[in-house]
């Protein structure tokens, strides 16, 4: 379903990786590993189409993602380094807006439930008054409402989370895989999901 | 798709409501610029009357230029712009919705408050209409042109100046024609030609700007 | 790209274009010098003194070709930029980047000679007339294009961002060209057009055409030299 | 301690150099405001000459107000403000150094460029000196008053408007006296009284503003 | 040396902790633990004086830190959630400025060496062009130049770091303790430093 063919990424005239190819079917989990600055984030951004590779192509169900555009976007969930939440809105507002923009409007009770499940405090607290980890949880709560999407791309989903939240996130990823979807994630932390595939950028770049 | 666009407008208005500064800064800035001049220049009614259309239009232009710097910057910094780019609706349409929200927040209030300022400068009553109308047609053009500049300079070194440098050449015709329409009316002539020209600009901008902004955003986010 | 692709695509690669550009640049530079000498000779010695304006009108031999070039080069620049944006070819972006300074130069020359000419004929250096204003805007567009590219470190992003701006700015070109028809302005209307015969003395016309050709050659030469520098820098 | 203060000034200048926008935006903004007026108003030399001091002073005031919004905001957002508060030098002194750097970057260039603008408005030569002098004394006052407002509104919802509302009443006297001094000189009288008054304002501001800013910062950072 | 007496912190009318007291001598390491939003960051900010507690006091060598102010600041190093680096400056400029502001100017070679040791790419790269982890490393490089300070307060020092960088940071903390200094840190990640003392805010708050 998701294929990468001969990807190359050059940043600041340094080649991060070249000739990187993989293909993932539904139900497969790919972990991107590598040291700081080895290009994990760059790779994920290329896969979701935010960054164009210097060479090579990403294909989704056989078609180049540059041509699919919104059609591809509608099928994926990307959670990046930045939490992508607005400081001045509450977690509930943020979540419901993010889902609507992604083309899957959800009802307030579902939003409330998702936030509750991720252990966020109830009430109308703007995100700027939340702790670092709570803010991250507010971003990750989208996972609970994106079960229908066949592709998840997660950049360091476990950063800043305490053990309970990390455990929940891990369970969600595993359940999604079991559901037959594809998940690509980058992480430094060992969280005990056994990924079917691992790309180590350190060795790939050498 | 419509749901997503409505949602963008709703979100930006909600944010403006929460941060209020965005609405009020643009408006307050407009009022301040227009009101400081009599303080700085000294209040001779004839002098004031003759500079009024120019001052009010310049104030509108500056206020629009300043609020544009932030059109995408906040979304860029906290990662929401990435999510917007990855959204379900075509980017051009989303951008148009954002520009609309921006205009509602920072352009429309100027149009509504302009007659009050005109009063302050002792303009004749029929001119009020021309002034408001020219601003009503002209400010969305400013918003759309400015959005292109804002998208191109997103995250760049020296973004602020560059934005002004890019946007200003395209603003100047709007200013000249907009202020010209009021001057024309003040001279007792019909300002139709100028207003029609402004409308033509608006249509052109509405047709092309969203796609230019979308292209620029895709480039800037890399 | 395989080797059996079209011949011109082969030249679209910077490496193969580099030596070709060197040869072309030298030829055009020589042609520019020769034509400029001929053009200036016609302009200052052959063409008759104008009945109304005396000798001041001779500025026309620089002013008009420079004004033509300023608009034409912008269109060419936007064209290359658009090609680069659409097909992701590296050389097109370099061409656009290389054209901008020359375009800005001719715009500046047109403005400057226009202002010099305005003093004796209109009695003022500058009026906020439609053609003059739009030509000034053209200068700012060129400067904006260059400043934008200078602010971006990554060449690929710089090319593409510049392209968007260049394309947006194209709208200014018809405004400059037709401004004298659309608004009644102080400035001269077009006296040379494809449809009608020129309404001026044949020698004057010849002088202008030769000067225009000289400017053309100069632009090509300088642009190619600049492209070579950019290729060296980037590859 | 002196090393730390020098370092603050150096850092802010370096940042301004890197982002250039900060220096140039304030300056460009000043130039743009002052140059757009002839476009909007129409270029009658007599009219222009009589509004020149007001226009230039208003432009300086606006430019100062706009650049102040960012005086602490960036440092607050990326956590460096915390580190500055935890620094080795007394906060009041650090704040004074920051205000100085801000003025060097966004006030001084205005003073230097003002004569060029005055030329554009065809002001008489002796007025140049009065204009520059009044700006030289007046703009640091604006910087210091503005710093208090910026510190108080740091991170607040609606910060922008609030800042303008807090700062403007304190700015207006500076504007009136500053522009007044040039008008006085234009009328052929000695502008000494106005200039002395400006200098008194400067001394007062220099004495009290740093401590007010320091207190405001400690409150805002909680 | 460092004492906290009856600290209480109330945020948004929720009491995060109350009656929290501890005292640490030189050579002692305190780990602050707790779930997301339990008040770890708040406690560290109270200890370094950026936040004033609703009740109680922090004392350094027997004196209230509110009275010591700069004198106290000069003896501590605080590394917060935010990296406190300027995007437009290079890592070297950031580091040398941060040290000067803290009252300990360092020579360029020392700065260069510290950055090298933390594995940052050489050259004049502004921080905005660095990856998340590299930016964090740039902030942490201050540890190498702050060996003379008797108190380190570190808020999630291991977040976003890869294993090599985390290992280095751990070694630095241990060496600092061995040197007789005091270190307080908050973390979710188990990094295998055996902390002498642990405050768990979850139990403290209940």
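Each chain gets a letter, A, B, C, D and E, in the order it is written, and its residues are counted from 1.
In this text, a contact is a pair of C-beta atoms (placed from the backbone, for glycine too) under 8 Å apart; a residue touches a chain by one contact, two chains touch by 3 or more.
All figures in this text were calculated on a predicted structure; none of them were measured in a lab.
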Chain separated most widely from subunit B, comparing mean CA positions: E
Pair of chains with maximal C-beta contact number: B-D
Longest centre-to-centre distance from subunit D, chain (CA-based): A
For subunit A paired with subunit E, centre-to-centre distance based on mean C-alpha positions, whole Å: 29
CA centroid of subunit B to CA centroid of subunit E, Å: 45
Whole-Å gap between the CA centroids of subunit C and subunit D: 41
Centre distance in Å when subunit A and subunit C are each reduced to the mean of their C-alpha atoms: 49
In subunit D, residues with contacts to at least two other chains: 18-19, 39, 42, 157
Where subunit E touches two or more other chains, by residue: 81, 88
Contacts with two or more other chains, residues of subunit C listed in rising order: 128
Subunit B to subunit A touching residues, read off their complex: 1, 3-4, 7-8, 10-11, 14-15, 18-19, 74, 77-80, 82-91, 221-222
Residue ranges of subunit E touching subunit A (in the complex, touch as defined): 11-12, 14, 34-37, 40-41, 81, 119, 121, 125, 129-134, 136-137, 156, 159-166, 188-189
Subunit B contact footprint on subunit C (complex, rising order): 85, 128, 133-134, 136-137, 140-141, 143-144, 147-148, 151-152, 154, 157, 160-161, 164-165, 167-169, 171-172, 175
Residues of subunit D touching subunit B in the complex: 18-22, 24-25, 28-29, 32-33, 36-37, 39-42, 47, 50-51, 53-55, 57-58, 61-62, 66, 157-162, 164-165, 168, 172, 175-176, 179, 183
Of subunit E, residues touching subunit D in the complex: 48-52, 69-70, 73-74, 76, 78, 80-89, 93, 97-98, 100-105, 126
